[in-house]
Amino acid sequence: MEFEWPLVFFTVLTQMAVGAFIFYWWSQGGLTAYTAGAAGGSGQAAGGPSAFNGGLIILVIVQALALGVSLLHLGHPLNAYRALIHLKTSWLSREVLLTGFFFAALAACNFWAGFRRRVFAMPLTALLGVIAIMTSGMIYKLPARPAWNSLWPMVSFYLTAWLAGVPLGVLVTAREISPGNGFRQPVALPLAAAREGEGNLPAAVSGSAGRLLLGGIAASVVLNILYLSTLAAGRPEAAATLGNILVSPLFWLRAVLGWLLPGVLLLIRERRDLRGILLLLALVVLGEILGRAVFYGTVVPMGINQGM
Amino acid sequence: MQLGFLINTEKCIGCQSCEMACKNEFQTDAVVHWRRVYPVGEKNYPRPERIFMSIACNHCARPECLRVCPVQAYTKREDGIVVHNHDRCIGCRSCVMACPYRAPQYNPHYRKVEKCSLCYLRIDQGKKPACVDACSVGALQLIRLDKAAVPDTVDRMPGFPDPSITGPSVRFVPPVIGTQVRGN
Amino acid sequence: MDKKSVAGSGAIWEKLITRRTFLKGTAVAGAAAAVEGLLNFDFLWHLTPAARAGSNNNDNKYQVFLNVCPRNCYDTCSILSYVQDGVLKKVTGNPEQTFTRGHLCAKGYTYTRRVYSPDRIKYPMRQTGGRGSGKWQRINWDEAMDVIARKILELKKRYGSTLPICLDKYSGNFEIMHYGIEGMMSSIGYTTRALGTPCWPAGIDAQTFDMGTLYSSDPEAMVNARYLILWGVNPAWTSIHSMHFVYEARKRGAKLVVIDPVISQTASKADLYVQINPSTDGALALGMARYILDHNLYDRDYLQNHVIGWEQFAAYLRDRVTTGWASYKTGVPQEVIETLAREYATAKPALIWIGYGMQRHTNGGQNVRAIDALAAITGNIGKTGGGANYGQLETWGFNYHAMGFKAPAGSKGVSKPDGTVSDRFIDINNFGHDVLAAKDPPVKMLWIACRNPLSQDPEAGVVEKAFRSMELVVTVDQFMNRSAQLSDIVLPATTQFEDWGVNASYWHYWVGINQQAIKPLFEAKSDVQIAMALSRRLNQLAPGSCTYPVDGDMQDWLGKEFNAKTYQMLGIQDWRELLKGPRKARLPAASWSDGKFRTPSGKYELYSQEAQKFGHNPLPVYLDEEKAPEKYPYRLLTPHWKLGLHSQFQNLDWMMSTNPEPWLEIHPDLAAAKGIRDGDMVKVFNDLGWLIIKARVTATVPPGIMAAYEAWYRDVDYNVNYTVKATPADMGTKATGNPGIAFHDNFIDITRA
């Protein structure tokens, strides 16, 4: 089985960054910028962070890491730039382009503050992120791999953005609340400051995050079950893929770590402390990574005499 | 114009000369097989027989490799041959995922993909592809597919992926099952 | 669309493209070329590997040499070797040769990987940690020759003769110059020799009793047959070029019948496949003969003019044979036997190809005689498109100069009743046992060449014991095979591309030269060169101890193999004419067409007194087949494999990559009874040994019979001969010195491993 680890990390990290960004954008008011904020900036806009010093730096780092890891998938990483030239039909070309755009826009958000950021840069970044995930999902919609030959890869990628994005988004938001600790401590100090200085995260943020995450887990479980049941009824290769999934220990590990544990933790009580959020983030991300490894590693491709 | 292979499973004796002649012609690494000889499962026929189909790149009408390749390493010539440009390839393996026939194969030595080129350089010199040349029973032939249907052939075999996906440029002569007098 | 598309020209294109599209194509190509000049994207559009390797596509870059595949194979292909800068770049078939018609087989196409295999023995080496230790030390040729020469001289001194030195050489390389190693042995005195052939002796004797020798018709003449019985032979794996002629015969209206216990690859192509109980082929032939007799379908004229013993044979048939009995023995329904007999006897000409596999039984020789008899009584012998074809050695009339050297004066050997002295002969088919049993003097040194007894001999354990009891074992080979691994000294052998030679086939009528295409790899030498080097050292240490020449040009050596008769047969004046291409012997398309048999009577002998002299029934009679003992109720057949020839080829990286492991074919019913599923590892065993192997469940084998194909896989402990007993076949002694081996009377039991 080929688990395609570079692709696992690239896709999960990218989707997590997109999800976290959207969460952050939403926590910053989201589209309300168009309705409410056009006239006068809020305090945050005025005292916004300087370049590369806000919470978004976390996402820049995550996304840079994702892009770096993606190169490891290539036989010839230095020639990765060439992958941009087949936009006409290749979803991979489109993914490279869109992911690049998303990264650029994300970085740009760090430079801008106030109106430009809220009205222009942030919505654009969010949009690019959403499209980037779509292009990524479309890569895998291949007739030669019946288990993937649907919108499922895209749907599952959005689910990853949802699940992994929310807890990371909380961290980004926390750092935004208490910026200025430099690059070395992108997360821990601001969070600690947020917790100790001003109490815990604003209840509005953490409360919605908890509900969002719980909802995401529920959606992920339900949609996965639906997906697996379509495999059972699909072509022989799809059915064989289902068999591989169900016997894969990674899949069951993912179910426990990525769905069951975080779900239980969230149901027990609201998490507003650093340790709690980091724990949730770790569990969810680990679950998504395992799930993605299962995605790549269990698929049965078409081939001569395959799935017979 | 579309060149392709005629695979005569009635004549084919599964000797794998085509497969090795391909390796001999291009001196490919051991791990890649531009052409492979596949057994057709016994259970697909009324009597136990040893039946084979020799498959390389099918130089499809709608090549998936060409569609998904992000670096445009694939081109389709006027004669329908799908050529993979090794120097362009960056080893992303998208084509490996997309081909229903596993024609493009990743070679870890070069860290790139490679595949059957239908010996286009030989064809341009008026020679037959090396595999066709090597077949001592005439079970593998070069044919043109763009005209009317090739008589007495079929476009699918048990175990051969659905040709409607990519329009593979191969036709098969189906096997003839002889009479068997068996003890059981 | 690729800008570089270029329309081609030439033979295929004439067929493929109508003139109109061709012209159009050229125009487009011209335009494309013009555009390309303007927009040069060379940095992106460099050569593909096809184009790069592909120099391989431009044959002008090469020097092309003529070679012949020297393996123990029917087809003995003519090869064109493409050499660039002293490197063998590829091989192809030589289209001039009308039997192989420009095609090689899968094995032949791997030759570059054999020549340049990283596993090749590169230098002379000495095993310093004891046999089988794997601790090898590189030595130079002088040291190697010194050690060997001193041991030879010391043994000669100790025992008063060179009889303690034993040569086991056979079919690993049938190129004629390799007889140089026999010559070297003769040059030092009388030695012990492994005599015989494991492959085909029972059938050779059978044909020798019947017709005087084995002399098959030109296989290219198979196309003229109206009825073809491939009897216990699987050319689709072992003689792929014959299949063209088989198909051609069928195209011209012949019916193709295959008789085999296994639904072989060839059987899969038959019009009629007849499954037969192993080793009962004679019963089928005799049953058919009885039917032919009863229905007056025999050829009265032919029997009268060319055959002796018809009355006795007919009496035997009437007395002892019925089609019902034949059906009981063979498992073939009576009506099928009768149909076969009627069709065979009435189709003219009808051809039988007798395989080597079906004579590897304790009654193999008699079975071949019975089948021969069918061809004789129907008058099919001597007719083009007919015959009972088994093999031929007519084209092998070389001088064998390389082996023709006399022992030094005063050498002691085995004294014969007629006063002459000779070598001591032991049975190649019971080699280990005979080496251990040799007394006065015992065998103390082994020289193994063109042979891998530890893999190919029965009772491998006994052979290993024999190896271990030696004072010195020398193996000349290209690969570190099982025998080489148990040797003290290994010497690197050249391939046919690295030296001069000449090859004939035991099937078709072509003879071809082996040109030296490349320099020997590393320090490899040919057998003649090794013989000369050893002679040099022996004569330095003890002048006169070896009569073998100490130097000579290999082309001169080669020239000395030819004589007026071979020249006449090949239609040439000088052997160098073979540098223009291989030649086909000028022989009648049908053997025995003159009706002059080489038997004592000059006729086809259904009744053979010669056979009687060798202890057989003078008539082709049925000898009961070997039956499975209660303890080991299943038969394991171990036929040849398409990607290997004995222990050659399957070890190469290309082969290992396409077929990495051996398997056992087992019928679904037996598998179910034993709880074996497809892909399970199983153990087959008997008192001699055992083998663990992956099961492949298939109905191409009958329920009580399994098949595993002989081969030497790299780094896999697999040897089909682990369970094979050295049971002699019934015949072989007359023509080859020793009886064959009943390889296929191999009984085993099986469990899940």
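Note that the chains are named A, B and C in the order they appear, and that numbering of residues resets to 1 at the start of each chain.
Basically, a residue touches a chain if its C-beta (ideal position, glycine included) is under 8 Å from a C-beta of that chain, and two chains touch if they have at least 3 such contacts.
Bear in mind that the values here come from a model prediction, so they are computed numbers and not experimental data.
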Chain-level touch network, classified as line, ring, star, complete or other: line
Chain at the geometric heart of the assembly (C-alpha centres): B
Chain A and chain B: spacing of chain centres that average the CA atoms, whole Å: 41
CA centroid of chain B to CA centroid of chain C, Å: 32
Chain centre separation (chain A, chain C; CA means) in Å: 65
Junction residues of chain C - those touching two or more other chains: 44
Multi-chain contact residues (two or more partners), chain A: 82
Contacts with two or more other chains, residues of chain B listed in rising order: 36, 88, 110
Chain B-facing residues of chain C, complex: 1-2, 4-13, 16-17, 21, 25, 28, 44-54, 56-58, 89-93, 100-113, 236-237, 240-241, 243-244, 247, 256, 263-266, 268-275, 277, 331-333, 336, 642-643, 653-654, 656-658, 667, 669, 698-700, 702-703
In the complex with chain A, residue positions of chain B that touch it: 36, 38-41, 53, 55, 64, 66-72, 88-94, 97-102, 106, 110-113, 158-161, 165-166
Chain C-touching residues of chain B, taken from the complex the two chains share: 1, 3, 11, 13-17, 19-21, 23-28, 30-31, 33, 36, 42, 48-51, 75-79, 83-88, 110, 114, 117, 119-128, 133-138, 142, 144, 178-184
Residues of chain A that touch chain B when the two form their complex: 73-77, 79-80, 82-86, 89-93, 96, 139-140, 142-145, 301-306, 308
